[in-house]
Every structure is written in structure tokens, then in C-alpha cells.
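Below is one structure, written out as C-alpha cells; the observations come after it.
Naming follows writing order (A, B and C), and every chain is counted from residue 1.
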Amino acid sequence: MSKTAGCCQSCLHYVFDYETPKTLVIPSIRVGCVFRFTQLLVVLYVVGYVCVVQKAYQETDSVISTVTTKVKGFAFTNTSDMDPRFWDVADYVIPPQGDHSFFVLTNMVVTPLQTQSRCPETVQKTFIFIFYSGILTGLCENYSTTVRTCEVLSWCPLEIDTKLPEQALLAAAENFTVLIKNSVTYPKFNLHRRNILPHINSSYLKRCEFSRTTDPDCPIFRLKHIVSEAGEDFQDMAVKGGILGIIIDWSCDLDWWAGKCYPKYSFRRLDNKNPVNNVAPGYNFRFAKYYKTPDGVETRTLIKAYGIRFDVIVFGTAGKFGIVPTIVNLGAALSFLSLVPVVSDWFMLTCMKKRDLYSRHKVTYLNEDAEAEPVSDSSFTF
Amino acid sequence: MSKTAGCCQSCLHYVFDYETPKTLVIPSIRVGCVFRFTQLLVVLYVVGYVCVVQKAYQETDSVISTVTTKVKGFAFTNTSDMDPRFWDVADYVIPPQGDHSFFVLTNMVVTPLQTQSRCPETVQKTFIFIFYSGILTGLCENYSTTVRTCEVLSWCPLEIDTKLPEQALLAAAENFTVLIKNSVTYPKFNLHRRNILPHINSSYLKRCEFSRTTDPDCPIFRLKHIVSEAGEDFQDMAVKGGILGIIIDWSCDLDWWAGKCYPKYSFRRLDNKNPVNNVAPGYNFRFAKYYKTPDGVETRTLIKAYGIRFDVIVFGTAGKFGIVPTIVNLGAALSFLSLVPVVSDWFMLTCMKKRDLYSRHKVTYLNEDAEAEPVSDSSFTF
Amino acid sequence: MSKTAGCCQSCLHYVFDYETPKTLVIPSIRVGCVFRFTQLLVVLYVVGYVCVVQKAYQETDSVISTVTTKVKGFAFTNTSDMDPRFWDVADYVIPPQGDHSFFVLTNMVVTPLQTQSRCPETVQKTFIFIFYSGILTGLCENYSTTVRTCEVLSWCPLEIDTKLPEQALLAAAENFTVLIKNSVTYPKFNLHRRNILPHINSSYLKRCEFSRTTDPDCPIFRLKHIVSEAGEDFQDMAVKGGILGIIIDWSCDLDWWAGKCYPKYSFRRLDNKNPVNNVAPGYNFRFAKYYKTPDGVETRTLIKAYGIRFDVIVFGTAGKFGIVPTIVNLGAALSFLSLVPVVSDWFMLTCMKKRDLYSRHKVTYLNEDAEAEPVSDSSFTF
């Protein structure tokens, strides 16, 4: 036959000859048990822990969310330093349009009829130094033996925010309710969900109120209930304000055998009460309503608004069977299976009585000096 | 030689002797084919699926985004129950500062000249019971044979939100345009991008308008176009309002051979139209403009604003070649390669005609009773 | 003995007989070194790179954050086209409630006393064509030889936004300070943190100011400082406005041996200054204050507000030792270890002088034709 033919044949052999390890069968129950047992452990870990507990076979996506909130309720205030007044949503909800974060006014320091003019600086007892709340005009007069006050050009009269009511002005706010509409999307799985579940009908929604026990799916929450579930007292919180998180957990398992995907509500106070390392505790901000007097002078009513800001925080991860994570995890587990024989061999060649016999047959020690046959006894018999 | 020398030498042997499995070569094309074929399958899976399709070799980061929106356009309304009025951005966009979520007023129920006073409760036909929109003063009078109404202390006159115009007041809003500026960051890759692509120049931006076919990169959108792409009719939606998502997908493949990273726009209605399980359909909120009469009495104009809230939702994941995910996936695949011989062996020892011959040479059965040589049908008896 | 017994015994053998590969020990230092060295490389990679550098043994969670901001400071303006005016927070911060995004007014075009009426269209020099800022009444008159202007029904007088002050009106805004409160949550690890670190006390917070060198943990920032760290000049930016990102990186390593989890602040300008491909540079929006004249006519003051919008952007990933990622990465590495023998064998059978000897003892070539013993020399000697 020609040379090429031989060459190509040899190469054919090289590709398609199948090389398989020679093996030795040890008919020993004990070794076999060790082998099977370690194998079992690995398999158990994979099935039990990785798959069942950790759901490592899933690929995940994180949530995209839209929130609408609508507060309902009204209050009536009748205090000494203010006319009797009726409050509705347009008065106490800021900003009005109700997105994921809304503020309910509960207490306030009102400074009406401010105009751009000159007035004496008020002494802020809270600081040792005098805090200027305006531009100094230069005129100063003795205010007391210790401190002098000066005339400032500012919005006068100045706000005196030290006289904050101890009782929340809108104590009644605790009975307001808020309707939270939340629709989420998992783009990777093209999944859309709403916190108003399919089985709920409109008539129920008109009268229901959220309660863990009786109405866990109702999207209407009483503010008092929210605050108390967060472990706070509404009336306390209402005085100086605070931030309260309405946390909606949309963790979903989308595999058909699980297929559970509904919101879990929880509530938590997000600002810090701890007085030790804190600054400007509570939650408040200043805003003004601007008016014009008949003769065209601009006046404003400055309101230092204390209240509770409710942040609707939506988070979650959806998991669904994915081929890649499955393969990766199985692969990783498999490679542990490849450790099993190592363990068994070690056991066999060290712990067994007949280890010498086993090793003699398993291991061949190549005696290089004797070009001839290998010595038949293993390297472990020194 | 000394004992220590011997010991250390043996330990040297223990470390540096190389133990390799003895193998048997089966010159059978069929077995070889099975072997190579299964090998091929695994390799194909790794290269084809994991790498090409799933890009499992990439490490990912999720997007951080900033959005600015600016609405342009004006409208003119001339209805029976309202003076002729010209509307510009400052009138109909709430909140004005245009961040990722903006509201365009399209319809409204206006209740002007409200003051804190007393007036008879209006009967809300929508409910069977009377909904009190104020504090009862105690005075009540027969309203009809069926229902009685009572005097309330409230913002009077009360709002009658049942007379909502069937035609959207600001129907012209459909021709408003919105400029959306979106800049994103992938912190892990320190990558910054804008939705105004580099190849676009200012003069183009001044006159362009988004259109999938002709101007897919123009960041200026006509509201009507947005709504219609979401599969809705603007005029329908404008009456009772709604929420519309402007979804910007910034999924990026940052590997140099791909290097594509540009925004993909899509539009979707986010609120629920389904009347069955819904409450407060559409989208509206109340806000008030506060005035003072010459004699200092506070009055307000209450506006129940219906309109479309546009939420700009930015999401995306950037992927870039990463050494760790690559190693992990390769490793996992490798461990599958280690399964290939198992398959081939099984095939060889069960499906082949000469299986007995093969097994006789491959497998040696250790006969423990005969302490002597292994049974002679092994491959060891040269 | 009975047939069943025999069968069951054989099956017992099948399960518990332990099959281990026969091996050949090569007492060659060089081969041994190659073997150990490649082994070492893999182990080094795993320990060094995957674990130490990439922390691939960690499972991660991304941050949930709440932000409160409070701006302090006041300004005094005294320009020709405006009365002397004192500005405080309620005047220049929009929206007032201070969440993650707040706007500080620095420059403006004020158009006071607008009413719904008729006035001649102003010619916008900036465009070649006339931009109608109202509804045409039909009346038009020659404005010049080139352009004619027409009467419009609109909010009159019309805004002339071409006369924007070159100097920022509220230049003093650079000395305003902002207090940023940020509390974050890692739901998976149930971890809560605040940017006001535990070791900070209230008295320090009352007077501190952020500075990389001296006060890196102080949550109070001077606007000027923020802008300059972003590489911008406040006065330049203040004229036409812009968007500035206050980026808080909450990347955490929660393993006990690391346990570092504190915020890292950085600042970056988010809008685009590049004039080439840009539209509506800077940042501005229009809003109006509505008044009523004594005779009940609605007037408004239109304000085109230029200023800096500060977006507090919080991002981060927390990592903590997780059993699954660890296993997966170890597994992947292990499967690389299974490659080591392949490498060594290849080296032994190709690069070594005694390769023929080795292969003769390692590899047995099954000679199918001779049903009898296999030929003792390897398959590579045709």
C-alpha cells in the first residue's frame, strides 16, 4: 500500500481509536459503601441544597415598578392660635399628584402676612450665638445684658419656629386612608403584575381596608395602621414628623410548578429617632403661599410643615428556570463527583486491611533501570 | 544510606512520582465515533449556546439614570362653563420642574371661590350612602323623600365632581411635544451615555420628531404618538386620565466586537383599564390655588385635575467579557466532558458485539481468595 | 443455592463492587514537576484571582435607599430690573419637600402681572421664523420690512426670555449648604445603614461641613464645594443652570473579616455642556404664581427658573459569603484540575526521552484480530 494511505490510516486510527482506562474491580462491600456514600452526599447536596433551597437553577430579573397613591380623608382643626379650619386632601397632601412618595401634613408653624421689610432679629435660644435670618441693615440694639439683636431686612415678621404645638395639629390624620396602586414589570420575562389581584372585584375595593389577618390583599391602608405596624405611635410621630417606608416585596418564583407572584407588604420607619447621632430629627420643610395685597405688594404665608412622608419602596427579584444556571450548577456538582474516586481510593489504600494486595494490583511501579517488564509489586512496599 | 535520607527520598518519591492511569486502546471505529460525537455535542453546547446565545462569559452591571423632560405646546379652551382661556406649560404641567415623571393636564373639574364656611352637603349619586365632605354642623334638612342632606362646615361651595366634561378640555394636548434627555451610567464599567447620540447635531434636534421609521433617534416625542404606540387613543385617555410609561431600554453589549449601546424606546399604558377589578380608574388628583380677598379672607380654587402622567422608566443591563464568568462556564462545561468516557464505556461494554473481549481486557476482577496473581484473563500476563 | 439468591448477589456485586482505574507510577522528577506545577497554577488561580480579587464566593444584593435633603441659606438680590429682595429656602428650593432630587434657583426671567388678554407677538430673534406664543387673533401688522408680527390671545404681556441676566441672580447660592440624610437597606441580608455614621455625634453634625480631607463623613455639603468637585464653576453653571449628580456609592463587603460598609461620595455633572449635539442646554423650567386682583381677575407671575438640579443617586452592591457561589466556583476550578493529567500525559508521551517506554507500559493496544493476548507494544508503533 502507498505511504499516504498508511499515513492517513494511522491518523484515522489516531482520531477514532478509543482509549479507555484499564480498571480493577475490588469486590469489597466496605470500599463500595464508602464510594456509594460519598457519591450520595454530593448528589444530595446538589439536589437538596442547590436546587430546592437556593433555586440555583433559576435565572433572575429585577423589578420595574410604577406607583400611584391617593389619600382620602379630612380633618377639622380648632386651636387657639388659628381660626377653625377644615382640611381636605388639597390642603395637607404635598405634592398633590401622588406618586411613589407622598407627604401628609400633621403639624405646622404658620407665619402669615410676611412681607419684604425690616424687623428686629429674633434671638434663637437654641444656639449660643445669634443666627441671622436676614440681611443685617446695620442697626443693632441691646436686647438684654447678654445678647444684642440687630435689625434685618427679610420676610417680616420672622418665623418663630420654637413654638411648635406639642399636640399634632392634624391628629385626625391617623384615620386618613391611602389607596396604593402598584404595577410591576419583569422585562426579561415580559411579565406584568398589579397589586390589585385578579380575584378582587371593584365592590370589595370600595369598602375594604388592609389587615394582615382579614384583608391581606386590600390595597387601601389606614395611616394609623401603617405606622403602628412599623412599631411607632402615630401621635408621637405626627408632632415632629418622620419618614415611613411602605415596602412592597414582589419576589416571584415563575416556574409553572410554583408560579407564585404576589406582593408582600411591610412597613418600617426609615428616618432615625436616635437622638445621640442625629441632626434635624423628624421631617419638616418650609413652603410658602404667595399673595398680593390690593395695592400689589407681595405677601406670603410661610408654613413650616411637619408631617409624615410615606415612601412606597418596591423591590423584588423574579426567578425562572434557566438552562444556563442549571448547566453551570450541575457542572460544578459533577466536578465534585469526580472527587469521589479520589476519596475512595485513599480509603482503600490506607484504611483497609488488604491495602497491600489492592495497591499491588492497582498500581504498577515502573522500574526505569530495568528496561524490561515492570516489577509487579507496587511502590508502597519499601 | 542513612534512614533520614531514605525517608526523605521516599517522601520525594511520594510528591514527584507521577501516577497515570493505564489505558487500553480500542481500535473500533464505532466506539470511536460515539466517543467523538458525544464530545462534539458538549463542545457545541458550550460554544453555541452558552457563549453565543446566552453570552454567559459576560459580567453584568445595571444602569443608573437621570432624566430631564421638557414639554412644549399651548392650548386654547373656550367652553360654556369657563371663560376663554389660553394654556401654556406653566398652567398644565405638574410638577413644573420636569424630572422622570411629569403630568399633563387634559381635563378638570374646577371649583372656584371656595372659602371656609357652611353649606349643604351635596348628595353623591355615585354612592348609595351620603358621603360627608365636611364636618357636620348638626343642621339637617329633608333633601328628598329618600335622602336627607345636612349642613357641613367645609370649603364651600362643595366640589361637584360628577359633572366631568365628556370631551377632554385640553384635547389639543395631543399635539404637545416633550423633549426627553436621559443620561445613563454603568458604574462598574465607568461608562456614560446619553440618549442624544453623538452623530446628532443641534440643528437636527431643533426640528426633529421621534418616529420609528424615519427618526428613531430623535428625543422629541409628540404626546399623541406616544399614546398611540401604546395602543391607546389619546382623546379617550384624556377624559379620565391615565399613566403612560415611556420605557427606555439601555441594554448594552460592551465587548469591542459588539460595542452596541443605544437606547430603545417603547411605550406602554401602566394603569389598568379593566373595569372589573379596579378602583378609582384613570388618573386624577386634587390641588388648589390659594388667594386672598381684599379683606384678607383666604379663598381657593380647587382643581380636580385629570390627565396623563408620563413615567420615563429607564432600565437595562450592560454586559462585558469577564474572566470569572468565563472560567465558571468553561469549568462547568469541562466537567460535562468528563462524562463523555462514561457514556462511551457504557456503549462499548453493552452495545458492541465484542463487548466480552473488550471488558475482559479493560476490567480486571480481583479474586481476593487467591492471594496470588490476579485471574489470568486480565491484560497483565505478557 | 437458589437462582434468585444468585441474581440478587450478582446485583449486590454490581452495586457495591468498587471499580478503580489501574495506574502506572512514573518515577520521573521532570514529569512530576510538570504535573505539580500545572496543578499549582490552577489552585493559584482559584485562590488568588477568583476568591481574593473577584470575591466570586459572595452572593450579592443591590441597595434600596431613601434620601432626605434640606437646604440652608439665604440671599439678597438688588438688581436694576427688580426690587431689593430677600430670598430664603421657601423661595428658591423647588420642590420644597426635599427628596432625592432638589432644585436650587439661581437665575430667572420674571414676567409679572400676566393676564389672559391680547397683545402683539414678540419677534424671537433666536429663530428665523416667528414662534407663536399664543392663539392668533387674526390681526397682523408690519413689524419691519422683513418680518410682520401678529396679535395673539395669550398670557400678556408675553415673556421675553432673551434678556437673561449674564450674572446669576442668586450668585450667593454657592454658599448655601445642604444636609443629606440617606438610609439604605439590603433586604437579602436584612441590613440597614445610614450615611450618618454611628461614631458621629449631634454636636459635630451641627457645625461640620463635608471635605474629603478633613470631614469625609459629614453629611452637610456646601453647594460651591459640590460643583467644584464635579469640575465645574458654580457661577458659570448658575447662569443657565444644569444638573449635578451627588453620587453615593454604598458598595459593601459584609463578610466578618472585611465588614466594611460606609458611603463613598462623588460628584459629577449629569447634563451635557457640549454645544455641538445638544438642545436646550442648561436646565430651566417655567412655573407661575397665581394671584387675583381685587376685582377677581386672575393674574400670574410667570417665572422661567434657571438653576441647578441636584440629583442624589444612590447605588451599591453588598456581597456576603454564600455557599452556592462558592461551590459553583470551586467546582469550576476542580474541573480544571481534571485537565492537569491530560497536560502531563501529553508532556510525558511527547517531550520525554523515554516516551516509548512510558507509552508501552501505559497504553495497551488491543489487537482484535488475534482474539488472544494483546500485543504488548503500544499503538503508536506502526
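Definition applied: contacts are C-beta pairs under 8 Å (C-beta built on N, C-alpha and C of every residue); 3 or more make two chains touch, one makes a residue touch a chain.
Please read all numbers here as calculations on a predicted model, not as lab measurements.
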Graph distance between chain A and chain C, where chains that touch are linked: 1
Chain C against chain B, contact positions shared by both copies (same if over half, else different): different
Inter-centroid spacing, chain C versus chain B (mean Cα positions, whole Å): 16
Per-residue overlap in chain C, given as positions that touch at least 2 other chains: 19, 21-28, 62, 95, 291, 294, 328-329, 331-332, 334-335, 338, 361, 363-364, 379
Parts of chain A lying in touch with chain B, wherever the complex brings them together: 13, 15-28, 62, 64, 66, 68, 70, 74, 76, 83-86, 88-91, 95-99, 179, 181, 183, 187, 194, 196-202, 205-206, 219, 289, 291, 294, 323-324, 327-332, 334-335, 338, 354, 357-358, 361, 363-364, 373, 379, 382
Chain C contact footprint on chain A (complex, rising order): 6, 10, 13, 17, 19, 21-29, 31-33, 35-36, 45, 49-50, 54, 56, 62, 94-95, 101, 103, 116, 133-135, 153-155, 243, 245, 249, 270-272, 275-280, 283, 285-288, 290-292, 294, 300, 302, 309, 311, 313, 315, 328-329, 331-336, 338-339, 341, 344-345, 348, 361-366, 368, 371, 374, 378-379
